[in-house]
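Chain lettering (A, B and C) follows the sequence in which the chains are written, and residue indices restart at 1 in each chain.
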Amino acid sequence: MIEMLPEWLLGWLGEDGIATLNYLSNGKHVAWYASVKYTFIAAFAGAALAVLFGLLGAAAKQSSFFILRAIGNTYTTMVRGVPDVLFLLFFPLAFEQSAEYAFAYWRCTPEEIATATSWPLCQAAQWYLGTTEYLIMACVSLGLVYGAFAANVIYGALQAVPKGQLEAAQAFGFKPWQVFWHVQVRQMWVYALPGLSNVWLLLLKATSLLSLLQIIDIVAWADRLGAPNFLPMAGLVHPDWRWKYYLALFVFYILLTLISERFFKALQARVSRGMVRAE
Amino acid sequence: MDAILNNAFVQDLIILAKPALYNIYFALASIPLGFPLAVLLALAKNKPNSWLRKPAEIFIYAFRGSPLFIQFFMFYSLFLAFNQSTWKPLGIDWLVMSPLFIGPLVLVLNTSAYSAEIFYGALRAIPKGEVEAAQAVGMSKWQSFRTVTWPNMLRLAWPAYTNEVVFLFHATALIYFTMPVIDRQKDLMNKAGELFEKDYALFVHFSAAALYFLVISIAIFVLFGWINRYLNRHLSTSKPLSFKANYLR
Amino acid sequence: MKNTWLIALTLGAVFAASPTMAADTLRIGTEGAYAPFNYMDDNGELGGFEIELGNALCAQMERECEFVVNEWDSIIPNLLAGNYDAIMAGMSITEERKETIAFSDEYKPVDPSLYLAMADSDLDFANLEDANIGVQGATIQAGFIEEKYGENNTVKAYETSDQALADLAGGNVDIVLADGEVSRTTADASNGMMELVGPEELVGGGIAIGLRQTDTELLTAFNEALDALKADGTVDDLLKKYFKLEPVFATDEASSEAETDSTE
């Protein structure tokens, strides 16, 4: 594939350059580049779920029922006390254990349950978890944790919508949920955008933790690629190059942050068309 | 009494007490350096002189824009790359390569970037009237900094800085995922993971670790809340950071 | 809109992938970072002694096999959780592991672990003090070093063996204790940069396949296939190819059968 490059470029690169390019495009490296899909899936799906959980949490926080308010408040304050790493590790395992527990009572015979000594309680309760399952659970965990942040932001934004509009809608006979959805939520996005862009950046950086959930993502590949290799049969013999790979990831994430910030700035400009902003 | 002590959760709490000290150490070791560095960076970012401003901006952008996890890996492998050539000849490799050093170092760089951004926002929000009054009265630059800029910046930034310190403490949970475990040094996450591997009692072990994080986070909130009240003592309508339950609608 | 599309895509992928639960494919878990036992080559494909042996065993058993990469720390828990059906990752038979999983017959006889150090490092193993010793976490070598040298020395536990070797090359640790084969092949391939030092330490049993204790049928199937491969010399050929070892199994069929009976 390198041969397809124009002559003058090949000449400028020289032999070393071509060897480096060849190395950087071998199967193992291509697998590294391909694994960035996990980062993007986790970021986008996690963000979508975070907005969803944020809306639910904010709605709960401003509800007229004490129980819902309590749930909303507990949800949003919980993440201020517990690290996101803990949630990220805890949630998939908890989900898996609960699912296998449920499977056990559904699929195992009573004798098997009574005589079981180890986990899971019987063979039929096994749940094979592959990368896809872990990825989905990672997305949900990220959505739950950053949903709490988003709930705080959205709650503030909901409060910022002029109350007069809500009262007018009520006077027109809209039901409470209609007032909430069609009037309040519809208008709060412009107030929520700065806070939500912050939450997006936090979420994006949290996707670097996917390797803790046994997903072979860009961080795990950087470790495998950079680790020194001593055996020729296992590939190119090279010393410890990990710092180069991690530096590449460092720059990669900064670029992602740059692009995200540009995007949100443009979005903010578009959404506040016609609004008087104290700028 | 025995029944309480024999409870698995309580036993976990006792086992996790010593690892919690490691997390607290990492947080405590990072604040004394992180805070002054953040103030310096914020002041530099506020200067019109771009020789001072640009490096501060780049530093803040780089360390806020990349994950802490990657920063840990990167610094560890960078230091390792210089081990043979620099640290060992100088005889300081036992210090430089230890997680107890690299951990706080990276945390300092990271927290100073985030805090600098917070302090910078506070600097911009200082009431212009006070600054001009100080100038009019004839205070020198240093005096006006001490009387007007510094107290106002601290007061305005304090709630956000409290959040940042709590995040710093949460971030200490990541350290031993990225560096080798030396001897018996284990922090909360490590120890909880180890206990989990033995008997798969997920909820007990992780809840115990979560409880430690929660309690210490609340302690930070309370302590910093007192400082917040002290900083706002001259304002008659000082808003205390309190959690009031709305029992009546 | 983009987000809902992505969610739908991911969910679709899940539902498409879940039929793997009932498939006949045998899934074998391996680490992929433990050359020459198992490693990932520059094309991103798994290779190594155990990959070839695993494929040969599956051909013998006439079943489809799939290798799954898993980090060393969670390789046993994930076996028990059912992410794969067998472990072939340079795992030695130990009494402690026998409590949670079952082992097949060994496919590589027990081999002393060896210490690796940088060339010209002079360490007195009789009175080792204040040395930095590297090991891979949760291995038999880790437990052994803790007991023997843990008191007066610093023991650093790494996630993978590659990281331990990297730190050795970088000077962060003075010695690394690893399986004999890994130490030997690394020392050979390092062009004199590293050498074997110190005494041989016999830790753990031979290398075998790890299985869940409830999978008795699979255990018998593996053992039968393994016996067949030992008898026809395949295992010996692979041992010679990767480790340059003299034939072990096919030389004396009677004694190897007696051996497999006693290690049961």
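Just a few scattered comments:
Definition applied: contacts are C-beta pairs under 8 Å (C-beta built on N, C-alpha and C of every residue); 3 or more make two chains touch, one makes a residue touch a chain.
In this text, all values refer to a predicted model and were calculated from it rather than measured experimentally.
For the interfaces B-C and A-C, the C-beta contact count is higher for A-C. The chain occupying the central position, as judged from C-alpha centroids, is A.
Comparing the CA-atom centres of all chains against that of chain B, the greatest distance is found for C. Chain centres here are Cα means. That of chain A falls 23 Å from that of chain B.
Inter-chain centre distance (chain B to chain C, centres taken as mean C-alpha positions): 40 Å. Mean C-alpha positions place chain A and chain C at a centre distance of 33 Å.
Counting partner chains per residue, chain B shows two or more touched chains at residues 80-81, 200. Counting partner chains per residue, chain C shows two or more touched chains at residues 163, 166, 170.
Within chain A, residues 119, 223, 240, 242 each touch two or more of the remaining chains. For chain B in complex with chain C, the residues that touch the partner chain are 80-81, 83-84, 88, 93, 97, 180-183, 197, 200. Across the complex, chain C meets chain B through its residues 77, 134, 137, 150, 154-159, 163, 166-167, 170-172. By the touch criterion given at the top, residues 64, 66, 69, 77, 80-86, 89-90, 93-94, 97, 119, 201, 205-209, 212, 219, 222-223, 226, 240, 242-243, 246-247, 249-250, 253-254, 257-258 of chain A touch chain B in their complex. Within the complex formed with chain A, the residues of chain B that make contact are 61-62, 64-71, 73-74, 77-78, 80-81, 163, 166, 170-171, 173-174, 177, 189, 193, 196, 200, 202-203, 206, 209-210, 213-214, 217-218, 221, 243, 246-247, 249. Those residues of chain A that touch chain C in the complex are listed here as 23, 26-28, 30-31, 41, 44-45, 47-48, 96, 118-120, 123, 126-130, 132-133, 135-136, 139, 214, 216, 223-224, 227-237, 239-240, 242.
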